[in-house]
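Following are the structures in question.
Next come two complexes, and both contain chain A; in the first it sits with chain B, in the second with chain C.
So, the complex of A and B:
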């Protein structure tokens, strides 16, 4: 399959998925706001959505797209800092636990990470608030702090108070996401280290650091990126919880409030927008994987037969 | 070139925010955001709390439940149907326009055109302007509670709302859940004006230097109001020192805030009745008074108040809370399971039947838990209850349609008077007059209607109280509804704030009069 055809195929699939999500949204809309006019049919709704009109919020009295776009910077910044924290923590921890898998510290890191997977976000979040905000009084409990407008983008990353406010929700979220990546990285590294090329390199006397970084990490990158793409959905779900807990004025808490207020059009629009972002992210991860390892790319010559059939 | 602009931004921002640092800023969090800046759009506690900050009523309730002149300096009854108000002079709206009797007359007309408020102002037929600072309010019939109504008459700037907005809509339009001009723009004579509003996230108010009330010792310059829906987050933010004042405080956090050395918990008995309506229209069984009595006797509302509400509620046997004119001390809670079972057998329903029930899950304190407890209690008299709980946004539509056999309803008297309960919850349903508007049980008793209507015209306080007490007695005997409890009120604050000094029994804090002591 050529690059062009592959893109086209992808686009068609995405369109189909969006259509299904839009139908689901319509159903949700009727469920949450039962007092919608009955003549407002599915076909009309789909037509309206496909023309880019996501309707109007019943609470804000403004177009849903505008309401959600206004809340997205807060969510985006939270997700960004969360990712940065995960990456900053996962690389050294992953390397360490793979290099010295039997060491006591490495074992306790893995044990704690198991705890991270099993604790629900609202519990970790509540504990964080209790220790770092209420008891130690180091960090604020809610909100974004001061924001600075850069054009339409309200950024909280340009003020001290903004950084203070983002820490607790970002750490909470990264604690929930970290264990999965840590375990994956460790497993990949351990596997690579026992492969023949690495053994050969070791026998040839290549420095251990060079082996870890350029053989180990590079080979682990691909599954990590795939995992990152897949975990985006989890991140979206977790931000809803974390944003509600920390009163973070982002799209996730907006969604929760919309449900509580029975603002059906806003809930429906959120579902469609999140689905669109999800598709975009997954397209990017596939593209990145394809570039990193051409053998996996659907447009690679040797993959043509299997994929097209 | 990266650093300098960033630096500039920060410096600029610090400059903008520096006024906050010195002056008294009150950081407040409630569970929800006021829906609108328009005092006549939505009849709710949140709207009233905000209205007292941005606007002034003619008179208001003091914390001791007396009347106190605000925009009216004095008033006297001219005859059975007329009360004359002398208005305060030199009062300025935040737009700069002066306040006169014409604004009061215009505001009354606007209130009478509002779907939520027309029922409340129904008794007033019109206002008569005598001169710029004198005005008569005239009722259709002799009416005892005109002062109570005047506490709800917030005066808006009539000149400011003239003409049309950018959408070619009249600026003075009252639109429920619509984006009317008045819902986003406020010009009142109140102690504060809006400096910033991001709906659902933040509302910032600043004290007006031109405010007329110089006698007030209040020292709050700025108010930052953040809605925090999650009650645990609200409490944690107070305990962490990120907020100065929160409400409501869930019963589970009372102890922690109370024992904290830097915090203060303020609680008081409240007047909001939580009840269950027994729908006689959907179920013939519920038309039998013995069945209704059996349901009331089967529900252990004392247990609900002590266990589910953790003592943060007073179990009720009637509508009127203690202190109201209609309250009869002899009407106490009636839990008696054996009697309930006997009544069911007498009515021929010893084997029971099935009922549907709906309740909100985010409106009243522990609403869903109370509903679940009721289900278990009614199972003991063989009534199987199918319960559905939902958010308040969906609930009121279902309630209005009368979609279930048992429905939860909380009510706080709009006039701080017993009659309001009966007018809306117990009188026969009448779409034209608006009486019985929330009577979800479709209970109807001509004697109750007669007594309540007569009480409105009775200006002799003792006779009036007797009438309203008689109404309570009849509702008790007829088992018109299931009284559960009166919800208490709780506010949490830092130690240097004593909210009790400025809080009315309607749960409205006069934040303009709040004195924050310096630590």
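So, the complex of A and C:
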């Protein structure tokens, strides 16, 4: 399959999925706000959606798209800082536990990571609030703090209070994701370290750091990206929980508020936008994997018959 | 005894020959965690008889006893061993009933997952072709979307559509239904892989020649060979479902207030935590972590113990 054909295939699939989600959200709209769909039919709703009009929020009396787009920067910044924290922690920890798997410290790190898998994100969040906000009184517990507008983007990352506010939710979220990625990175690295190319490099006297970084980490990147793409749904779910806990004014808490207020049009629009972001992320993951390992790419010559996965 | 029967009954045979038991005795972590799990199971099963108070009985709670710390603190009351919550309910009783709720949801949802995943996986592997393609494509989609996200969306929308009162009448069954239907792909994938592995073996061909029906071959010949991985996945999934139920109840779209749930208790304790009353959150929190950790550790041990590579290995 050529690059063009695989792009076309992907676009067609995405369009189909978005159409299905739009039909689903029309149905949801009817469930939550029964008076809404009677005003217009399914065909009219789909036409409206495809022209970029996601309707009006019952609560805010503003276009849904605008309401959601205003909440997205908060969620995006939270996700960004969380990713940065996870990467900053998982690389040294993963390398260390894979290089010295039998060492006491490495084994206790793995034991703690097993405990981390059993720690629900809302419990870690509550405990963090108790220690850092109630007992020590270091960090604020809710909201985003002061934001600075860069065009339409309200950023919390340009003020001191913004950074103080993002710390607790971001650390909570990254603690929830860390064990998963640590275990994956360690397993991948252990596998690479015992492979023939690495043994050959060791025998040839290549320096250990070079082996760890350019053989180990580079080979482990691909499964990590695939995993991150696969965990997108879980990440969104955790973000909803963390945003509700810390009253973070992002898309997740917006959704829960819309549910509690019975704001059908906003819930329906949220579904469509989450589906669109979901498709974007999965396209991006596939692209990154294809660039890193051309043998896996759908546009690679040998994948002509087995494409589509 | 033919190969199918031998493999099929190996879990049971090994239990009878007490190999699993010997392996359990040799592993301190596994032993401790299974004891804790057993204790929690007993607490859950016997909660209505063990707990000193009935959390659902409004006459047993008094606002005078609200916000009491655990009994070993100065202001504590010896009637309430682990303290009381903001409405004067005994935390120990609520936690016991909460464990019962978690286990109840975990058991039924995993049973549903197991049935659905087994049927879909067997059919996908045995029939192949378009059935296989559709099932596996659905499994990919479901795995990427994550069961927790699906449960949040479906339950939140159901709650908004039904209204809180009606929703809380149905919530326990809705939880089981959604969590049960949302997490089948792992079983299906494992079973499909085993079926593909087994289906060209001689004993399956022999059964076909003897004229047994597909259903008979799948259920009585192929399925028994895959019991061990299914058991491991099911155990891990119980923890997963309990965690999901707690998260949903924390968000207010899970269990109703009448049914004590560990996640719901942690959620309602959060506002008290801001004023320094840590035990209302920490007591159910610790119970939840203990439950999840012991299930995860037992599942980890079970995976190693049932791994065919380790068969015959003496501890």
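Keep this in mind: the second predicted complex is superposed on the first by the 304 of 309 C-alpha atoms of A that agree within 3 Å, B and C clash if a C-alpha of one lies under 4 Å from a C-alpha of the other, contacts with A are read in each partner's own complex, and residues count from 1 in each chain.
As a working rule, a contact is a pair of C-beta atoms (placed from the backbone, for glycine too) under 8 Å apart; a residue touches a chain by one contact, two chains touch by 3 or more.
Just so it is clear, the structure is predicted and the values come from calculations on it, not from any experiment.
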item	value
Overlay on chain A: chain C relative to chain B, clash or fit	clash
Which of chain B and chain C A:259 touches, first, second, both or neither	both
First (chain B), second (chain C), both or neither touched by A:79	neither
Partner chain in contact with A:168 - chain B first, chain C second, else both or neither	neither
Which of chain B and chain C A:182 touches, first, second, both or neither	neither
Which superposed partner A:137 touches (first chain B, second chain C, both, neither)	first
Contacts of A:282 with chain B and chain C, given as first, second, both or neither	second
Partner chain in contact with A:159 - chain B first, chain C second, else both or neither	first
Partner chain(s) touched by A:236 [first = chain B, second = chain C, both, neither]	second
Contacts of A:249 with chain B and chain C, given as first, second, both or neither	first
Against chain C, colliding segment of chain B, chosen among 203-211, 383-391 or 401-409	383-391
Where chain A meets both chain C and chain B, residue numbers	32, 126, 129-130, 133-134, 141, 244-245, 256, 259-260, 262
Partner chain C, residues of chain A touching it in the complex	28, 31-32, 114-115, 117-123, 126-127, 129-130, 133-134, 141, 229-234, 236-237, 240-241, 244-245, 255-256, 259-260, 262, 264, 267, 271, 278, 282, 309
Contact set on chain A toward chain B in their complex	32, 34-35, 58-62, 126, 129-130, 133-134, 137, 140-143, 146, 148, 158-159, 244-247, 249, 254, 256-257, 259-263
Interface residues, chain C side, partner chain A - complex	140, 143-146, 148-150, 152-153, 156-157, 159-161, 239, 243, 246-247, 250-253, 263, 266-267, 269-270, 273-276, 278, 281-282, 285, 288-289, 292-293, 296-297, 300
Chain B to chain A touching residues, read off their complex	6, 9-10, 13, 17, 177-179, 198-201, 226, 228-230, 232-233, 236-237, 239-242, 362, 391-394, 397
